[in-house]
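Okay, so here's the structure we're looking at.
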Amino acid sequence: MTLLRAEGLTKRFVSRGPLGARAEFTAVDQVGFEVRLGETLAVVGESGSGKSTTARMIAKLMDPSGGTLEFEGEDVTHARGAALARFRANVQVVFQDPFSSLNPRHTVERILMAPLVYQGLAPKGSRREHAKELMERVGLNPDHSLRYPAQFSGGQAQRIGIARALAVNPKLVICDEAVSALDVSVQAQVIELLRRLQRESGFSYVFIAHDLAVVRQIAHRVAVMSKGRIVELGPAEQVFRDPQDEYTRTLLAAVPRIDPEWDRRRRERS
Amino acid sequence: MMARYVIGRLAGVVVILFLVCLFTFVLFFTLQPDPAVMICGKTCTPERIDQIRDVLGLNQPFLTQFLGFLGGIFAGRDYGEGANLVHCAAPCLGYSFQTNQSVMDMVVERLPVSATVAIGAAVLWLLVGIAAGLLSAVKEGTWWDRTAMGLALGGSSIPNYVLALALQYVLVVQLQVLPFPQAVAFSDDPVVWFQSYLMPWIVLATGYACLYARLTRANVIDTLAENFMRTARSKGLSPALTMRRHALRPALTPIATIFGMDFAALLGGALITETVFGLNGVGKMAADSIAKNDQPVIMAVTLLAAFFVVIGNVLVDLVYTRLDPRVRITTP
Amino acid sequence: MSELLVVEDLTVTFPTTRGPVDVVKGVSFTVGRDETVGIVGESGSGKSMTSLAIMGLLPKGARTSGSIRLDGAELLGRSDRELRKLRGDRMSMVFQDPLSSLNPYYTVGLQIEEMYRAHRGGSRKAARQVAVEALGRVGLPEPERRVNYYPHQFSGGQRQRVMIAMALVCEPALLIADEPTTALDVTVQAQILRLLAALQRESGTGLVFITHDLAVISSIATRVLVMRRGEQVEYGTAEQVFAEPEHDYTRMLLDSIPRIDDEVVL
Amino acid sequence: MTVAAHPEQVAGGAPATSGRRVLRVLLRDRGAVVSGAYLALIVLMAIGAPLISAITGHGPNDFDTAAVNTDLGGVPYGSLGGISAEHLLGVEPQNGRDILARIAYGARVSLIIAVSATALTTLLGVVLGMLAGFYQGWVDQVICRVMDFLMAFPALIFMIAILSALPQGNRPVLLVVVISVFGWPYLARVVRGQTLTLVNREFVEAARASGASTGQLVFKEILPNLRSSLIVMTTLAVPGYVGTEAGLSFLGVGVTPPTPSWGQMISSSVGWYVVDPMYFVIPGAFLFLTVLSLTVLGDRIRAAFDAGDAS
Amino acid sequence: GGGGTAPGPGTGTGAAGSSAAPATGGTVRVLAISDFSHLDPVRGFDGGVNNFYRLIYRGLTTFGAGPGAEGTKIVPDLATDTGTPSSDAKTWTFTLKDNLFFEDGTPITSEAVKFGFSRAFDPEAGIGSPYGKLLLDAPKDYKGPYLSGDLDTIETPDDKTVVIHLKKPYADFPSALALANFTPFPKGTGAGAAFDTKPIASGPYKVASYQRNASLKLVRNPQWKQETDQVRTAKPDAFEWTFGLDAATIDERLLAGQGTDADALGPSIQAATVARVQTPQIKARTLSGLNGCTTYMGLNTTKKPLNDVRVRQAINYAIDKDTIVAAMGGSLLAQKGTSIQPPTVAGRVDYDPYPHNVEQAKKLLAEAGLSGGFSLTLDGRAQPKMAAVSVAVQEALKQVGIDVKINNIDASTYYEVIGTPAKQSDMAVTGWCPDWASGATFLPPLFDGRNITAKGNSNLAQLNDKAINAKIDEIAAMTDVEQANAAYGELDKQIMELAPVVPLAYEKLILVNGANIAGAYQSNSYSGGVDLVTVGLAKPTK
């Protein structure tokens, strides 16, 4: 079943040159895809190719310059009021810049509870416990629930963002570089968490990432973006095994690998 | 888009000024604190009051008076009849009930004084306020910070009037480092001119400087905690540049807002300071006209002050979009 | 290989309501000229704090002990004034969170220029030219136009590249890069790594490279420092650390690397 | 559902609820305690004014011509403005009214007016300013034009005109209302400006994605970030409004004499600054200390909340 | 001719400042709070401006120059004597002196007198003293020379003779003529507001420069001849006013007396400054005396229970005048009020009908059946001194169980409110100054029941007592001014028996003059201000 469908999404930015010259820039150009219930759609691609912009549009944080957006079969392109609230309850976002997306004046506890409070969920009493539980889930020390964002490391802040998105049992989580600042072991934990939630509660993900290895692990389908367009979209296996587009192929070729010789030696030692 | 925005705002200014006129007129018309009685003084008879009202045009219906006033501004108007007829050219604000002077002339004569007071004080309070606030923020928690901020609080608790008199007593009477302020033009004697305006500047600037110092401090402290300040320091910029460019700019946005409002309001006259120091500015004119119920002058002062404040606000909004690139102009 | 940077027994302490907490505990390592030292480790293990300590930019209230020597001169305990001359010129840093680390009130052009001019002087125009070139070098399309953009007009990866361009503009002797390529796709990442390598070759820049991407480390670092909970758990040449890790944590880390070639079961 | 052991091992028990924790922090802070005590004292003084009068035997309006020298324009006898065992804080020149009694009674009027006017302007200024900055578009237009309109009036002139037209009624309430109506746009414009900057911040977007309603975005996400300016502007508004009340009272539209208020005391003292400086110093000091205490306490409360887990 | 009786207690204490006689030359400076209302004498009308008018204008008669009663005496000015009345005092004939010229060289003729007098009828200009229109006979719809032409009821048989016809007999006409309303001007001049900025002088000085609300400079008028003038000595070469100064600042400058402030005069100092003038050096240059006005509280006799004479008397007894004096700045700035007329008025009888007596007041209230107390509203002016007086009244009446509510009114609308019977409350505090020192301009305006008007009313008590009205008419008909003045003294007593007002205080002035000022004394005709026509500098610098 299709959870979310985007069609012809376009975003143009207007900027001004030094002489007041008006310049238009199409950041996202006629992008269309769908996300099915319980699946992970990974979006990979060039830096600056419009991934975050697309994510913002499908999260309804930015109005598209063109195109339509459907959620659970309902057109939400111009949703307002109750329809928008319903959409928000089901779609959560993890932002690319961890610190900027956390209110510097709120404690972690408050940040984590914000979605619950805003959506009027859960009784007040259990919220604090809930916050601590969320922190534990993403590998943070729950004793730090009264700290402010500035007192955390980059990776910790990113995990706060993830925990926040998971606070309300959404149907769709849009993860914009959600695990990029995590070391591999924590990353593995978080990815495992996401996958378990998908298995158990049927979460869907739009997973934007650069780390193709991670994408490989988590994605059902992969969309490859370049210069504002989707150049390739298909099942993960197929895209990784048999890339059709030139850009995809370049991308896959550029993935850095650890010297296999070192790997082998280590394996032997242990 | 910018041009359209500005034009739209200016149209708004006209509407607001019109409303201010109307409201003021209605207020004084309905309140009926009869200026004729004031002029008539003692041994006054009802006939004489009536006669004075007639001369001043107060016996006419509201609309006639209001339209006459508006007409005067845009097209000029005639007063009196026969040999007494005078034409008041546009923009005509009428004649003072008390002194018969053309209100426009009065305003034109006094505005430079108020502007001098306002500009001098503004320079002073911006320099002192922002510098003190910045220094306090950088030295947060030190004795300097505590002393400066304590002084700033104290300074804003002292009424201007007290400060003015005390300053005059100390500097002029006791220490004799300054003369009593005199009405001297800059071209006549720059030194005396400066000495005469120094105290008004200081008095007027004190309250604002205190507010600005505290605001600057609070905002700079907030900004210093931002990550981009760390970046600025990592670049090895001079502390002056780091502070001026990176810390002050975000802190200045609220200050720019209130500065626009404060300064514009001051052009409409600093009532108390001008009175204490005998400066013949718009503020003193306002005080006198209120005390004497001189309606044409009150109208003029109101309009003048309104004009500056509204224009000031437009400028503030324009500056704002410049100060923070993330803020986009919203067209009306 | 003469030593550019020597860090000895570095400890960083934060006061908290529950008493002081050491977030970096006795870390030691050296960086030679045109050498790359990779720092990897757990999230929150003190990597960023270590680099901030070197730059002398720790948050207010943090205390340090140990020794940090750049070109043989002790940095700890030096006045901000003296450090200022070194920062940006002799040592530069790429910060982890680019959006909040760039001043939203100014164009990126100005932010690069001012750094260049603070150390090299020259006219605004010349500095502008340098900025455009720097942006071009890190692979930003249309640098002439983008130089007038404000930070919020860039994508995450582009901002990261702006940060790198800025750090490199004075060709520092020591570059500390705190997760500089996390938001970059692999092709751009490769371009940046090549750029850094070239710089190292040309001006002998010493590089401290913090990342989670062990593959990247393995390809560029000569020595690797592994951190966990503020402690240094392993320090050695890349080959040694990757091929013969001493510590369980390092092994665990290496074992959990996701591999693109692995079979995945979803 | 626990994923992993805590990567960090910063020890410590469970944190207390923030309210109690803040209180504990405050109680350990000397500045906060002293300020709090002073404010409590003032409030007690205001409430217990009749008691003070009863104890000292001087009502706020009792003339004591024996305490002043009417041959010298009414200067109080004795040094320091007539401070004596009889009149603990001295007497007013001319009529010899007891300053202590007037300070105590004056605290009622001044504090009620200044504090409630501050509260009301802050409320109006913050709510309307944030809405304007947040919505932009026509909401902004409407609010901004109303602000322009209100600010365009030379406030004092119009307060006089309006107050003299209004029925006598309950003066303090009228004063508060009129002062606030003319006062809020000043704050609102600052708030609006800062809100304009903050709406575009990413954390606001994040909150929006979390499903925050407009009100929640505005008041829960943006408002805390305006705190610094707000604290400064509101604490400094208090002495400002004490002054405004005094000015209006002097122009005959404020509280009617003989009701004492600090502002009136200060403004009637100005002429006496050389002959009887204590007449100004005493009410001035009370006002200054009140504002200082409010500021210090405000600062410390904020610091205590901010301290979070670390200090 | 008119004249005055002995000065009351505390009147002008003689010359102060330098004991030397004023020398010729120099500039006398005057520090002033506000500008003159008008330079045109038919427009302006108040103590301060009249004193100044005498420097630039001359009339047929004027007040004498000297301290005490000398200053209220009527003496000839342009005329050779104080006029010759017809037997019914309805027609007055004056002869002009020789050698009189306006500043532009035009001779001052009977035509100029007629023209100047007729200007009072101009609807726009004639807003000053009302005496021209009240006294001079004129056609009913006469609207001044600019609109209606010559005023033919004033005869000018030749250049030197003026015959003036009055509406009704008026024995005190020479006194009225001393007011600036009756200033001659060259025929045809002064239309519009011309004289308000550049008047034509007939006195010893003329206007050299005038900046509204800022400064006014007078220099000698060469056309004025000392030998034609017995009153003005005109010693200084120039006068210079600085307007718009703050009262406290003026006090400070006068006390400091730095630089040119040594040549300065100023208004009365404030109560707060009084204690500082007690040093011998400053005291030596201080003048203190009455300003010739009475501060009183009107009791609205149309309101209950003030319509009961016993209540009004009780209030008179209850008020503690000492506290009133204290409120007005102490004994140096005010004196207890007893009778309605102040001590400077000719024919006034010094008596105290209602000495402070709380018991007596309570007794009277009990008789009126009001021992249980009641409340009254007092209209008070929102101005520090007046507010203090209101509070003092409130405190005093509290002692006898009267609860006074103060209705604080903005100074700019105060007179409108209390002068409108429909808006007036139970009581109001205000003051009255006579136009010249006689009961004629004091008691009738305040107590003639037929003068009560719906607007601009000055009979605050709204007293309309047949006996008093009759008495007023009787005195007005007297042709002997001294006899009339004495009769006003008795009328004062008669009115106070009805207690329609409470005389609170007689206001005093304390003038601190610059150290170089010589020949200064307070003029009882000009509200106790320093007589400008005789003052000068001891050592003129230039």
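The first chain written gets the first letter, and so on, giving A, B, C, D and E; residue counts start at 1 in each chain.
By definition in this document, a contact is a pair of C-beta atoms (placed from the backbone, for glycine too) under 8 Å apart; a residue touches a chain by one contact, two chains touch by 3 or more.
Going by UniProt, the chains are A, C = Peptide/nickel transport system ATP-binding protein; B, D = Peptide/nickel transport system permease protein.
Fair warning: this is a prediction, and the values are worked out from it, not measured in the lab.
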(message) Hopping along touching chains only, can you work out the least number of steps from subunit C to subunit E?
(response) 2
(request) When you average C-alpha coordinates per chain, which one falls nearest the overall C-alpha average? Tell me, please. (result) B
(request) Count the C-beta pairs in contact for A-C and for A-D, then report the pair with the higher count. (result) A-C
(request) Taking CA centroids for every chain, report which one is farthest away from subunit A. (result) E
(request) Starting from the mean Cα coordinates of subunit B and subunit C, work out the distance between those two points in Å. (result) 52
(request) Provide the C-alpha centroid distance between subunit A and subunit D, rounded to the nearest whole angstrom. (result) 47
(request) Please report how many Å separate the Cα centroid of subunit B from that of subunit D, as a whole number. (result) 24
(request) Could you list which residues of subunit D touch at least two other chains? (result) 7-10, 12, 160, 164, 200-202, 270-271, 274, 309-310
(message) Two or more other chains touching the same residue: where does that happen in subunit A?
(response) 97, 99-100, 104, 139, 150, 186
(request) Would you please write down the residue numbers of subunit B that are in contact with two or more other chains? (result) 33, 165, 169, 227, 250, 290, 324, 326
(request) Name, in rising order, each residue of subunit D that touches subunit E in their complex. (result) 61-63, 65, 68-75, 93-96, 160, 164, 168, 250-253, 256-258, 268, 270-272, 274-276
(request) Using the touch definition up top, name the residues of subunit B that touch subunit C in the complex. (result) 226-228, 230-239, 241, 245-246, 249-250, 323-326
(request) Quick one: which bits of subunit B touch subunit D in the complex? Just the residue numbers, please. (result) 12-13, 15-17, 19-20, 23-24, 27-28, 30-31, 33, 150, 153-154, 156-159, 161-162, 165-166, 169, 210-211, 214-215, 218-219, 221-222, 250, 253-254, 256-258, 261, 265, 268-269, 271, 286, 290, 298, 301-302, 305-306, 309-310, 313, 316-317, 320, 324, 326-327, 330, 332
(message) So in the complex, the part of subunit B that touches subunit E is made up of which residues?
(response) 33-34, 37-46, 48-49, 51-52, 54-55, 80, 82-84, 86, 98-101, 106, 109, 165, 168-169, 172-173, 176, 179-180, 183, 275-280, 284-285, 288, 290-293
(message) Give the list of subunit D residues in touch with subunit B in this complex.
(response) 136-137, 140-141, 144-145, 147-149, 151-154, 156-158, 160-162, 164-165, 186, 189-190, 193-194, 196-197, 200-201, 228-229, 231-233, 235-236, 239-240, 243, 246, 266-267, 269-271, 273-274, 280, 284, 287-288, 291-292, 295
